[in-house]
Structure formats: C-alpha cells, structure tokens
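Shared between the two complexes below is chain A, which pairs with chain B and chain C, respectively.
And then the complex of A and B:
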C-alpha cells in the first residue's frame, strides 16, 4: 500500500498576500465598495445603473464564464424579470417585495423554458437558438399590449415608498433608492458566491472543462447545464425587476437583442469567468458611455474602439488581468 | 455479500449478440462474450477491428444497434453514460481526457464528488473534507501526490494518463475499463502503467483494450481477439498465442 502523505487535511494555507486576503473576504469587500460607490460617481442614477447591469452580467457570467456557454438571449431573462415585476405592480397592485419576487420567478421560469429548448445545442448553435428564442419573447411582450404597453413600454411603475417592517422608506430619494437596490445586489453576490463555492459550483466548471469526462465521472451534463441556466435566469430576473423599479417604466427595448449583446460585451470587458469581472465591466462600460456621450454623439465609435483595444490587449478582461497579476 | 458477488469466476459483464452499425458501416457484428469477475481481460485486435466500438458499448458511451449488455446480471443496454459510473463501471479514455484547467487534486476530487453531491448549490464544498482526503490517497496510489497542486494541463503525458486512471477509480468502480492506457507512452511510462494496472486488478475487475498484443500477454487472464468487427478468438494468453487465425491476422504486423 502506498503511504499516504502527511498533512493532507491542510487546505491551501494563507500566504498573507493582498490577493489571498481579497479572495477570502470578497463578499465583505464588495459590500464596502458598493456602499461608497455612489459618492464617487458623477450622479447617483448612474451608480444604480451600474449595480443593475453588473447584477445582470453576474447572472450572465454564470453561464458564459463558468459553464462555458455563450448565450445570446439573456435579454429575455432580464426583460421578463422587468416586465413581470412591472405588471405585478401596475396591473395587480402587488407590494414591491412581491413584485420583485415575481420578477425573479419570471427570470427562472423563462430560463427554464428557453433552457429546455436550447440546452442540447453547443457553441454557435446555442448562441443562435437562444437569440431566436429571445426574439420570440420580444414579440410576445410586444404583442401583449394590454399587459405590457407594447411599443410604448410599460408605464406607471410608481413605487414612492417602501415599507419595511413598519419602517417607511422614501424610494424617490436617489441615495436611498441606491442603497435599497444595493442591498438586493449584495444579497445576490452572496448567493452567487455560495453557488460557486458549493459542490455544484465544481460540477459547473467540470462540465465546462470536459463534458465527456464529466459524464464518465457520473454527472448528468445536460441537467447540470439546464440547472445552471435556470439559476442564471434568477439573477437576471432580479436585475430586471430592480431595473423596472428604478426606471418606473419598462421600455420594450429591454428585450431587444442589443440588451443581449450588451451583457456579452460587459462580461468580456470585465473578465469572463471572474467573480467581480461583470461588475467592473458594467462600471467601465457605463461610465465610459456617460462621459463620452457628453462630448460627442458618436460615443459608440469611441466606446467600441476602447472595447476592441481591451479585447486585443487584455483578453482576460480588466478584472481578469488584475487577478492574473495578483496570483503571481 | 449477495450471491452475485460470490467467488471469482462469476460473470460481471456479458454481451449478448451486440452489434453496432454507423450508417452502412458495420463496425461490430454479433459479439457474445462473458467477462469474469476479478480477472484482467484484454481485448486486442489490429486497427479497425472494432475494439474501441466494443469498448464504448461496454462502458455505455453509446448503445448497441443490436443485442444487449448485462452488468452483474442486470440489463444496462442503452442507459445514459452518467448512470454507468453510479453502477460501478468506470472508464479511461483512449485520448487523454482530464479537466485541463483544474488542479490534479481537484480533478480527482470532482470525480469523487459525483458519488456524494451533484446538485447541492448551497453548502460550501470545502466542508466535504473526506473527499479531499480520499483524493489524496488516490493521488498517492497513482503516483501523482507531488503534482497535486499543478493544473492538469501542465502534467506530462504519462502523468495525465495516470491521473485519468485516478479519476476512473474515484467512482469506486467494481469494473474498470481502460482504452489503450499506454497509447503514446514511452517504454518507461508503459512499464509503470502496466505495474499500476496489475496492482489495481487485485481489488477489481479490469477490462483492457490494447493494440499491441505483446503488452497484454503477460498480465491478462483472458484475451478476446477482434477482427473486422467479429470475435476471432477467445481464450487464455497461451491459447490465443497459438491460435492459427490470430497468427494469420497478426502476421506481418510488426509490433512496435
């Protein structure tokens, strides 16, 4: 019998570097950053936008970066979350928390529907099938004018105050609105870190790394993919619901394929398959968009050039490159 | 211990008239064979004999077009691949197949986890400490303890093959299927691998697919020879070596 080496119970010991520290306390660090974030942004609404798109990209990255599937239909998950939250408030008079739950449920359900149909395809076919299905969702919501307002968008999602255990919070105040939404985003980051650190998180990466080997090891690859896609839908649905509350309107463009493309760009910019990459990507993209569009109407040209430069020179993304430096 | 797991000589795996066609090509035709529990059985044959096809039917990579596969007396024909691992059948691939970006230890740990936790999305996997301990035992067994923290893609070819066997062992298989485990190996690596296979066979049944007859003659209890998708001969190494049909097939085929 081969001798079993000593000290095998010891996990990778902390080296005390900033990187180890940051990795260990990633949840608390992100919470701290989110708290001071609106104070350094040009205006609070931009900070809220960054949070929401960062959350949307976080959910997308679970499928894109961790599972290794490029979805081109995540707008459907984001948009369904937004519409269901809005419809719950406008047409059914649901309280805000129930409406957010409806948005999350909508994201999960839509991901299940799209996932069941698309999950057996691979690569470019998966991207195309998810895009086609999300276009179907677009037309579905576009046609259901009575519920969704059609091309005018769903208007009148007026949440002025938020009641929390008898506490009445003013949701009109931008700073307070930011912190309410930040609370949900922090909770979502926490849940995501749990998922990635869970046994299932290891299965997700194993499936990305080698599908055949994962299957031979005893994992149901198709079910793992579907479950991951559905989880991703929950995060995107939450982001959509928060977007509906934030904008007080759900524009039909939220379901447009540009919204699907945007999140791919944000994830690539920040770093696919990294935990904070999506949030960093959202911050960089939206701040750029804001700054550049102030002095030229051709802002997309400049943002596009910067995006191309990033992909060429930092293929791991901005955050991904930073992490790679830290690991050295 | 149930009656099915009795003394050696029991049948662990059986195929009844299995065949496989790909379109119009008959890769495998009507093969009936029995594999004894606790033995090393080798499947040999020249290129294109249908060895890999037969192997893939045995391990459930795809179902046969005809016939049936029985494992421990149960019909397992057409079950999905991932179910085979749970029944106690594990395989290694002909082309090295590991999780390249994960560490060597994580490769095996993930293999072990498949039996314990597949859909838990909440509790930290760091709490499954016994998996890490067992992973380390397996790493030591296949000789990779020193490389445990290295990404699997940085391992040498022979080490990756050893890692793959470690991963196959992770599912605690009663039947281990190895597809050309020494393919592309140096003579030294081949010798280490053969020693490892003999060691592993002491505790489980091993079925081995091999191109080079010379390699398996010494270690096999029984040998099946395939040729043109048919079962050409079957028997002990001694019998197979003296079989005229086998000699004819291998004649002129220089062993390398």
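And then the complex of A and C:
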C-alpha cells in the first residue's frame, strides 16, 4: 500500500498534498468521522453495529487485504471474543473491562489455535481449512449449553453502568454506549495504523506481493503469516466482545459460517487492502439492509441489485475506487 | 413560492426551490438529524417478527392480525382518544438482528410496548433487551426458558403456549388412547429437546415405554435411513418432534413407508401453514396440538367475532394459529392499557396481571409468578375429506381446558412462591 514507507509504486510528486496529509493522519481522520457518525445514522444501535462490524472487517482485512490470504473462518474469532466476554460477565461476574480483555484474549488464542493448524496451506485450501475449523468451534460452543446457552444463545450480559476512574456512566443510554464503544474502535484503528506503518507491516505486504522474494530476503514467511493471523484474531475478538456488550446477548448464529461470509462481503464491498474500506463496507452494507427492510419485505431484491451495481462500477470496492480516483 | 417572495427577498427562485426541495428530501429521508423529539401522541407497539426467512408466511399473518387488534382499539376510541400504532420490523429470524431492532424500537421509536417474535432464541434476545430497559414485552412464540426465573422479569409476558403445555396435552390424549410403546423422531435443537422432555414427563403418569429417541439435524431432507429403524422398534406411537419443512418431509416419507398402517403418528405441534403447504396426504391422520384453530368458532363467541373481523378486513381469509397469537398478544396489552387508563409501565403490568380475558379462543389469564398465559390447548387431527373451505384442514379431537396444573410449578421454574 502507498501508506508504507517501502512503497515504490507511487512517486511522491504525483500525489496531491491533501492525499499525503490524509494518509499520514488516517487514524485521526477515522476518529473524527466516527465521532460525528451517529448524527447521520437512522438509529444509534445501527451506528454501533456498523462500528463493530467495521472493526471486525478491519481485523479480517489484515489477513485478507494486506497478507493476501482468504480466511473463511473468521466467525470463530469474532464469536469466541463475544462468548468469552459474555461468559466472563454472566458466569464469573467479572467487571466489564476485564470481560473485554477476556474477549480479546479469546480472539488471540483461537487465532493461534486455528493459525497453527491452517497457516501452511494456501489459497482455496486455506479457506477450506479455516472454515472447517470454525465449524468445529461452532459445535464446541453449541454443545456447551451450561456455559453458552446453546441454541437459545447466551443471555444476561447486562452492564447497566460502567465505572470509569470514579465516574459512574449510564451504559443503557444509547449515545453514551456509542461513544464508549467508539473509544475502543478508535484505539483499535490507531493500533492498526501503527502495525501497518511499522517494518513488520511492510513485511506482511512483502509476503503478499512475492513470497519467494520475501523468503530469499531472510524473512520467516510462515511465522509472519501466523503472527498476522493472531493479530487479526485480537481485533476480531475485541469486535466480538463489544458486540456482546452492545446487544447484551450472544446468539449462536455469531459463529455460523454466514458470519464468516459476511465479513468477506463487507471487505470486498468497501475495498480490500485499504485502511478505511472495511468501515465503509460495513456502513453501506448494514445501512442498506436496515433501511430498505423497513420499506419493503422484498428488500433483498433491492439490496442485491445495488450490490451488482457496486461490483460492476466499483471493482476495487467503494473506498478502493474512490482512493484510486483521488490519487490520479 | 410566489413571485412576491422572490421580489421581496433577495433569494432567487431557483435557490429557494433547491433549498426547499433539499429540505423536503432531508425531512423524508431516514438520515435526518433527529433534533425533533418524538411525538407523544400515539401509543406505540413495536412488533419484531421474521418477515423474511422460512417463517415469513406465518409472520405476515401475525402482522395482519396484530394490525386488526390495533384497528379495533382505535375504532373503539383508543385510550380517551389516544390512538395506537403498530411499528413492524423484520428480525430475519436472527437473535442478533432482533436485539438490534428492539434497541431501535425502544431507543429511537420510543415504543411503549413490544410484542412479537417467532423463535425461542429470538424471543429470549428481545426479552433481554426489553427487561434491561423496563419495557413490557409480550412474546407470541413457544419457549420453556422464557418462563424460568433466570430469563423472567416483571416486564416479561408470554401469550403463546410453551412446549411443556403443548406436548403435555397431546401426550395425555395420545398415551391414553393409542398405546404405551412410544418411539421418538426428534429435531436436534432446543425446540425438539423441550418437546421430548414434556412428552416423557407426562408419559410417567401413563407408564409409557420409551423405545428410543432418534435425533436428526435441523434441515434434514431425507429420513429414509431413520424411518425403518423406527419401524423396527414396533411402537404403538411414533412421536415426531420437528417443525416447518422438516415436519413436512418426515411426514410425507413416513406416509410413503406405510408407517401409518400400524403406527399412530403424533406431533406436538401441527402448524396450519405447514399443513396447507404439504397437502392433505402427508398429514392425513396425524394427531397433534395447537393453540388456536378457527374452527372452534362454534364453541366460542370470541373466536367467531375474531374470525369475522379478520375475514372482513382481509378478503374472506381465515386466521391461522400463529396469526391468532399476533392478535392476542397485541390485544391483551391494549386491553390492559385501557384498564389501567394509562401507558405507564407499572400500571399496565398490574392490569395485565389482573386481566381475565376471552379475546379469541376462550378464557385466559396470565399466571402471577411467570406471566405465562394459562389457556386451553387444542388436540387436533389433520383431515383430508369433507373440506368446507381451503382453511378447513383440521378436526378438533379434544380441548384441554386452561389449568395451572398443566404448567410447570412456579417452584420448578425457580420463582419464589
């Protein structure tokens, strides 16, 4: 990507100064957008969902867009984060921040577990292995009825107030809930920006661009892949934990392979391998789904037509195409 | 936008038109900034149901019936002239989507009450959101868990039957009549498990012999390997606890295998919509339970009144079992509003607890400890001859009258007595 110092595709002179400014301060700009975002949304709960799915897609995009591996099992990472956060609160009575930490740790661990088994495969095999392993995770949580509620889902993740440095905040209030969750998402965007701008971020892209050459240059390709996958799990685990706190339930559907497919769709729609694309994809997808389904029960028809239009006219994703135009 | 404006002000007509149309577009678009406070005038009832997905037909029937209840309330003058309004949302049969939609209904639409849902997991998700925010929720689909102390709150009401009541009624009828040797074919998820648990519980009274329980995953399309195994057990009764398309296919293949010749098939719940979809052959002679059938109009004036109103509003169509639940769920809440003379939550809860109603299927009331609607259960048999109209698909064999004895006890559910 052009953001990284190693990039040689884009001579600096060719880009506009506003573009350079935007790439340098990308995380701050995302933060600004997120702060005013709920004002233009139909309802706040949707805005929160977009943040969470945007974060989920951001984590997924690290593997898909930057590392160049298509994973079809990210629901396992997202769902494990949600379930661990929920179980920590419902069954162990942990405070909310510890529960979020449990969710992130769950995402990291699950990614390590799946990654160790799957990372040596490539292409379609990687997609299939990750999908199969995520189905195993689905049944694991489905069968552990005492902990997860099984078919009925996990209920009772009820966080009414959160204590922040002696301040008692009403977490039921939709706007406050939005900004608390937004704080975590913004922090995650800064971390992601840092990872991508680091030398390690350059290695990730080097592996994507030419594996042989990266190996010849002395980088451990397998370890890079595994580490990237685990990092991605951390972001997805955080997204899952926030989802559990937001909806106060964890449905078993969160681990279904449709949730894995959804994030592929969101990443493609927004623009794979772009920093802000996942958030754009999540916003477009969820807003369309929610707004059109209020107008008509045949909303799938309309949403489907819009997707076809997007694929035809924005082949690099909505954000990806806009960036390409802006760069010209 | 007359000439006067253009002359008097310095704004050109074009700019005025652009601004006005942009303003109008913004006003109708859902993206507008919500600076205006929601009007307090109407009594709002949120209604999340799965309009799309496998239960779409049932859900649309629920909406029709729910709207009828609202229209009747408004025609009767509302609450001192204050009208009610039904706000329908598609939950797509997904608990996460249902929770999001319920948040929208409560936080943005500021609904006074929530009625709806058509799956156990979805109603538990909605319930968790509403009970956190102190909003009354009246559930209109089956679940045992919603009665239990862990999920219950004083804002939770359950208008539908639960699996324990349904399987109990069918079991009491079938075990006394068809024999004691029972085999089970069960969909391997909460609905099937809860039904079998109910059957076995009631079976203890009759000393039934459990020959075996074969589980199949949800969405099975071929039962041909399972049915001979069940046949070999030589039961008197085969109890098939599944729903929707699974039920249609299982019954059709059981008919093809000739199981019905020697074995009586029972199902905890026979859905009107499934029976219509699968046709008379597959369901022929199958005995099962339901909460409502339009044919009991000979027995209850309230059923007759409901059927007639439904026919009149919807071109002679008759309500289905699930549609009737939509009507009952909305109507009891509005009745309680009228009784309380207010939409204040605590007063409406008290009015609902005190309510003795006969709205569409004979007398009912909400039990104090778990707010489960104590009501009759119909035991019905599918018929294939002498059909009076396209909705004439079942024959009512017996009615189990409303009785708290048929519910799990408050102590067993974890409530303090």
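The rule is simple: the second predicted complex is superposed on the first by the 312 of 328 C-alpha atoms of A that agree within 3 Å, B and C clash if a C-alpha of one lies under 4 Å from a C-alpha of the other, contacts with A are read in each partner's own complex, and residues count from 1 in each chain.
Everything below uses one rule, namely that a residue touches a chain if its C-beta (ideal position, glycine included) is under 8 Å from a C-beta of that chain, and two chains touch if they have at least 3 such contacts.
Remember, predicted model here, so these are calculated numbers, not experimental data.
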| item | value |
| --- | --- |
| Touching partner for A:26 - first (chain B), second (chain C), both, neither | neither |
| First, second, both or neither for A:151, with chain B first and chain C second | second |
| Contacts of A:206 with chain B and chain C, given as first, second, both or neither | first |
| First, second, both or neither for A:120, with chain B first and chain C second | neither |
| Chain B/chain C common contact set on chain A | none |
| Partner chain B, residues of chain A touching it in the complex | 2-5, 8-9, 11-12, 194-195, 197-203, 205-206, 209-210, 212-221, 224, 227, 231 |
| Chain A-facing residues of chain B, complex | 59, 80-86, 90-91, 93, 97-102, 106, 109-111, 113-126, 128-129, 132-133, 136-137, 140-141, 143, 145, 149, 167-168, 170-171 |
| Contact set on chain A toward chain C in their complex | 39-46, 49, 150-153, 155-156, 158, 160, 172, 174, 243, 247-249, 251-254, 290-291, 293-294, 297, 299-300 |
| In the complex, chain C residues that touch chain A | 30-31, 33, 51-52, 56, 60, 89-90, 92, 94-96, 99-100, 103-104, 107-108, 120-121, 124-125, 127-129, 132-133, 143, 145, 150-151, 189-190 |
